[in-house]
């Protein structure tokens, strides 16, 4: 199978149904499609927030995500992976990130989507800043995201 | 949180984006939404198929799925679960089943979606019949679906 | 009590449901299957491998040693292949 | 070579990028940080906890002992918080 990987970084929102359709159209060998949508919550560590602002490293972010998608394609029998990551100002309830995986069977689709999300949380060059009543502040990385990403490392 | 569980069994297709929106609308505490879509493949065990026909046990199917969704709600910190399962004649490329889970964090959403799908494959009262060039035939249950469902059993 | 049949169990028996009145000696799902098989060819065909058949009493999965006393609806079907 | 800064590293240094020409003795990312810190307050503030800072050479994550010879673009940023 040829690698069917799409990675986009954009300020605008995405349409989950259209992204899934873009990955699966014209195929009749796909049995399982998993989507993960990361959504902006209204609070961070117990405090209400007004918005998040996401910054990325243009060029590196796209290339790194695509490289990890290729790793996923080589580790699981997948038909394709689609990743859309938003940047800029995002308010509570809005989408932040989308990962869609398609496979013949469900386990590969689930595992590959988790693998991509663990990577995006811990190792993709994106940074979140919180806007709240008290001002703005960068979100600090969490150890458990590093641990989640590390569980996929081959020993 | 009140139990936000929706289970529908229907002949018509579903709109993934609308089902996700129905589960997450009006909430700003959801951080993670996982969807699983099961799609009708064009072949079964290496042979091309023309269609699947799905039969269910009306009454029992809805009640059993809802009961398993309640189990999932009690095992993971979820905001809600939505399940749509189609019955009737379905051709290759068409959707069969949708599970959507919403949570604050991604791990709960992923695990609960897998738990629901493992249940639906092995223990929900649905039966698939294959329509192919050689006639029609009921799909036989697969041991590995039973094994996948059993991994969630508490010891 | 009402019996319901699904998938190839329904096809082999030739009807989706029926109402029956088993004799008092028939107390479990297993005994009900034996009694049905004695009723004719179609039942014998449907239950030719009784261990494969799954049963539910009043919408709950049960094992074949389950008591049928008080059951309103008993269903027989092959292993499930949903999702 | 070009340096790029992101998130609070960018804010503390006060610019998103700059072109520099480090002296020959500066051969690793770690030595580049030391050299930058000596350039002024804003750099000292950005790199006050150098172990927290992540680096990439030509779009690839590197450790601080990585050699910078031949690098076209070196980026400094805090731990990532995407997704």
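Per-chain residue numbering starts at 1, and chain names A, B, C and D are given in the order in which the chains are listed.
As a convention for this text, a contact is a pair of C-beta atoms (placed from the backbone, for glycine too) under 8 Å apart; a residue touches a chain by one contact, two chains touch by 3 or more.
Predicted model only: the values in this text are computed from it and were never measured.
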* Note down the smallest number of touching-chain steps it takes to go from subunit A to subunit C. => 2
* Structure fact -> Most remote chain w.r.t. Subunit A, using mean C-alpha positions, is C
* Structure fact -> Whole-angstrom distance, CA centroid of subunit A to CA centroid of subunit D, is 26
* With chain centres defined as C-alpha means, what is the inter-centre distance between subunit B and subunit D in Å? -> 48
* subunit A to subunit B: how many Å between their CA centres? -> 23
* To do: Give me the residues of subunit D that touch two or more other chains.
  => none
* Which residues of subunit A are in contact with two or more other chains? -> 38, 117, 121
* Structure fact -> Pairwise touch list, complete, is A-B, A-D, B-C
* Footprint of subunit C on subunit B - complex, ascending -> 38, 54-57, 59-60, 63-64, 85, 96-97, 117, 120-129, 138-141
* Hey, which residues of subunit C end up touching subunit B in the complex? -> 4, 6-8, 56, 59, 61, 75, 77-83
* **Of all residues in subunit A, those that touch subunit B in their complex** => 15-17, 20, 24, 27-43, 92-93, 104, 106-107, 109-110, 113-114, 117, 121, 148
